[in-house]
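The same subunit A turns up in both complexes below, where it pairs with subunit B and then with subunit C.
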Partner chain A sequence: MRSIDGAVLDLKRLDLLATGDSIIHRLDARAKVITTLFFIVMVVSYKRYALAELTPFLFFPVITLALSNLPISYILKKIAAILPLALFVGLFNPLFDRETQVLLGPVAISGGWISLISIMGRSALTVGSAFILIATTGFIAVCHALNRLGMPRVFTIQLLFLYRYIFVLTEEATRTTRARELRACGKKGLGFSSFGPLIGHLLIRTWARAERIHMAMVVRGFSGEFHSRQINRFGHKEYLYVIGWSLVFIILRTEDITRIVGAAFTGIFS
Partner chain B sequence: MHMADALLSPAVGITMWGVTAGTIAYCSTKVKRDLDDRKIPLMGVLGAFIFAAQMINFTIPATGSSGHIGGGLLLAILLGPYAAFLTIASVLVIQALFFADGGILALGCNIFNLGIFPAFIAYPLIYKRIIGRQPSPTKLSIASIIGVVVALQLGAFSVVVETVASGISALPFTTFVVLMQPIHLAIGIVEGLVTATVVSFVYTARPEILQSAMGTRPFGNISVRNIVLAFLALTLLTGGVLSWYASENPDGLEWSIAKVTGAGEVTGTEQPLHHVLAAIQGKTAFLANYAFPSKQGEKAVTEGVTAGKEGQDTSGRLGTSVSGGVGSLLTLTMAVLIGFFLRRETAGKG
Partner chain C sequence: MSHHIVEVKNLKHVYADGTIALKDLSFTIHHGESVAIIGANGAGKSTLLLHLNGYLAPTVGEVRIGGFPLTPETLPEIRRTVGMVFQDPDDQLFMPTVYEDVAFGPCNLGLPEEEVRQRVGEALEKVGAGHLAQKPPYHLSGGEKKRVAIATVLSMSPDILVMDEPTNGLDPFSRRQLIGLLKDFHHTRIFTSHDLDMVIELCERTIVLHQGEVKADGPTVAIFNNAQLLAECRLEKPLSMQGCPICGRS
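Presenting the complex of A and B:
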């Protein structure tokens, strides 16, 4: 069970990181969104047993992480928190896929184990790049970027609203559950019969709040649109970033750099 | 229930992104046209409510475990299908970006699995049918429970289809179905009960909320014919695209497609991306045989070639796997070193 406070703090911390200033932070959000999406598609496009081929893809998160001055241990911890989940989804592979794929001396490694490790690697790469995107860009900028890339206006407004009120409502939920805990005299779990009214009350208060918010917005001239002053533009740096990384990903995908490097290295010593 | 990127193939991920993006665009125009702008803040705030409510756990009687509310059907009941779909989608976007609860490429799949079924199947075809014109507490409870169970069953089944079509997990189709459906039946019953208690509570405390949602406004209504037609089109589209691009595994899906088309061997099962990349690779020629070394091995394993040939294959792969291992280590070291170097550079400047 995840504590509500902890989750909200985590959310705030990730979003606060986006207020930093670095070469990566200053790039237009669209460039970072496009590059991250392309990176993820490239990483998952490998077949089930790809492992060595995936390692060069580490360059993208490592370099952006280094250039953006983000706290490395924090991002690593966030990735590590996801890995047990990846382990769980991949756990069936060693059970169902027992064909020997690699022989390391007397030890035969089945395809299932290789694909399990490959799944973990994929998870770390894709999740890591997503966290880095948010931590260097911020959610609001990502929303505006998606909107300018063609996401419907209504959906953008909805996302921005949702994000704004997550903080308000999670705090309210925290207060509600704390109040219940204090009155529950040490009874740990929240029972079925009190859960319905508790959530129901929260819902009714939420509804009333939405009505107040709407009135306040109408008073201030809301007509279904958010207007914002956008200062970022898609310049040379952005083109360079997107095209440069895309070329790197394509080369990594077509040429097996790992094996070429490995073969060259072992060739020197043999 | 939230799928991760690591188990998806690009073909499945991008197809589902397309399907979901289309639905979002359709719902957005619908909402924009039919909407009184009162609903815009309501959608956002209710999305945040679902997000917060999912963090409050309750204990499931007699099991010792805990659960939380799902929210898909509840949103559909409160907002109507189109606005509910957009709200569910936005909750999933935030969960994916901030908590890695479901991947970014998998967002299409997740929005489809958790959004389409409650909003466009369970709500109009089950919930509204049971409620009829005169709602009562009993009807509300039964409708909520059945609605949530059906939506979750359909969602779980499409998780299985999407995962198997991607071919990264080794879990066979039938085993996966046998695992997923009963688990989600149990989850569905619990979630349905909770949804029912919340809906009944709101109905007794503020009935006008439910009435306004269910009312005669065109916003909450949706015709069955449209749903059936849309789903027919969707099935044809995804079935066609997915089967065409499906992975190389001769699993149930592909096998049945081969049977249906009458072809002895399914051709064109390569992923399109691989085709493009292979074409580029053919032009660059250098080390052409190296680039997809796992493909041969994979074929040999899946097609069940004789043991002798396989042994030969394995030993052949040993050479490449050594250079692969060494190469991986070198690349890793290089990546870390470059990271440290850049870090020191930027730290020095900043």
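Presenting the complex of A and C:
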């Protein structure tokens, strides 16, 4: 359970980073949400063998990271943590897809390997940009932005509560399993028979706790509306940010920049 | 609402599972009073408190705050008037930072940004937690959490402060600190507690609950001197009123 607990604490850490201050932090959440969503759509829309075409897209996360004062190693670690998952998704591609796609001198690289690497690259890009979005904006503000961009309110509230109760659930889970492990006296657990009651107990406790938290929110005037203290102004800077990046993404997507640059180089040298 | 009177009339509460938590409670608490509600575990103290700002609705009877009954129209104002601090601060602190947690109430009141900031600053200053503003609540010590939890309701400038077992789980130093803080408040104050020594220091009046009923209601000292009453309600004279266990002198 420690790993779940750690992961959730990390979510909290992301949220905490969002209270920082930088050019990116100060942008209206909507601008960041639109841009990031657009970025993700663009990256995902590439065909399975896309690899070189993806590299220029690194600009977006790298530049926002540089402008946002976030601890870079931390974000990199977060991204690295999800890569095994992507690896798992694309694991069998090299086995099934053996057709040669690229010849690097004498080495023939099959389509399977390329698509595997492409999947991992795209995962790193999309998840990385999503992390950066939350770490510069905060989960609650992202939800608000989605709401103001047209996501139904019911979903927003659900999302916010889900987020809130993930913490509750894991805290309760950590406590319950700790108690269970201690009583197991170092043995490898008490067997499966104690799991059923354990889960039932956990659900009841989580429910009770969630109710108490809801109570604490209600008595402080909560009426289904989460307020975030982010300033909401969609000004010149926001327009510039959204339009600027969108143009970059569209150009990258439609023109094959790497090939053009490559051609320019070979043109110079020949 | 100039007079922050809390009136409870013939209050009865039955939980959904059939538990009769409160039988027939009546009392009035006046402006500026500091009142303790004591009683054994399960006596109904927490249930009673949850009626004071309308989280629970009476099965029978009525609760009035400042002369107003609890209705959907008066509820928002009553929730602002009655600041409620829960027993477990972990339930009360749920935002990513202390600042945002203390700002949660004022934001719900729809106050402008500038005023929210001012209120948060004042509330945190008041409980001596100004330096914690940017910290995440889950990293605080027990005493700090408690003080921040108090700040989260102070920021709504309540007239009545209601606290469920405020000193529960605090170390002696944090407990002292908290008692000192609560002494300074001039709100109408209602506490539940098992910490009877704290009750002596903070409350001139005590209401004793026993199995959902008011068993006694009067000056704290008189109640604590009534040994028979205390025994009947599964309570014990506070240590500070008992003789010294070593030399026997009081």
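Heads up, the rule we're going with is that the second predicted complex is superposed on the first by the 235 of 270 C-alpha atoms of A that agree within 3 Å, B and C clash if a C-alpha of one lies under 4 Å from a C-alpha of the other, contacts with A are read in each partner's own complex, and residues count from 1 in each chain.
Throughout what follows, contacts are C-beta pairs under 8 Å (C-beta built on N, C-alpha and C of every residue); 3 or more make two chains touch, one makes a residue touch a chain.
What you see is a predicted model, and the numbers here were worked out from it, not measured in a lab.
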Applying the document's definition of touch, where does A:16 land relative to subunit B and subunit C: first, second, both, or neither? second
Figure out whether A:209 sits in contact with subunit B (first) or subunit C (second), or with both, or with neither. both
By the touch definition at the top of the document, which applies to A:138: first (subunit B), second (subunit C), both, or neither? second
Partner chain(s) touched by A:84 [first = subunit B, second = subunit C, both, neither]: neither
With both complexes superposed on chain A, which partner does A:106 reach: first (subunit B), second (subunit C), both or neither? neither
As a test of reading the superposition: which chain, subunit B or subunit C, is in touch with more residues of subunit A? B
Is A:222 touching the first partner subunit B, the second partner subunit C, both, or neither of them? both
Output check: A:164 vs subunit B and subunit C. Expected answer is one of first, second, both, neither. What do you get? both
Name the residues of subunit A shared by its contacts with subunit B and its contacts with subunit C. 164, 209, 213, 217-218, 222-223
Mind listing the subunit B positions that touch subunit A in their complex? 4-10, 13-14, 24-25, 28-29, 31-32, 35, 37-38, 40-49, 51-53, 55-61, 66, 69, 86-87, 89-91, 93-94, 96-100, 103-105, 167-172, 175, 193-194, 197-198, 200-202, 205-206, 209, 247-248, 271, 273-274, 277, 280-281, 284, 286-287, 290-295, 297-298, 301, 310, 314-315, 317-318, 320-328, 330-332, 335-336, 338-343, 346-347, 350
Subunit A - residues contacting subunit C, complex: 12, 15-16, 18-19, 138, 140, 164, 167, 171, 209, 212-213, 215-223, 225, 227, 229, 231
For the subunit A and subunit B complex, residues of the former touching the latter: 1-2, 4, 7, 10-11, 14, 22-23, 36-37, 40-41, 43-45, 47-53, 55-56, 58-59, 62-63, 65-67, 69, 78, 82, 85-86, 89-90, 92-93, 95-97, 99-103, 111-112, 115, 118-120, 122-123, 126-127, 130-131, 133-134, 139, 142, 151-155, 157-166, 168-170, 172-173, 176-177, 188-193, 195-204, 206-207, 209-211, 213-214, 217-218, 222-224, 250, 253-263, 265-266
Subunit A-facing residues of subunit C, complex: 50, 53, 55, 76, 79-80, 82, 84, 86, 88, 90-92, 94, 96-97, 99-100, 103-105, 107-109, 113, 116, 134, 136, 138, 152-153, 156
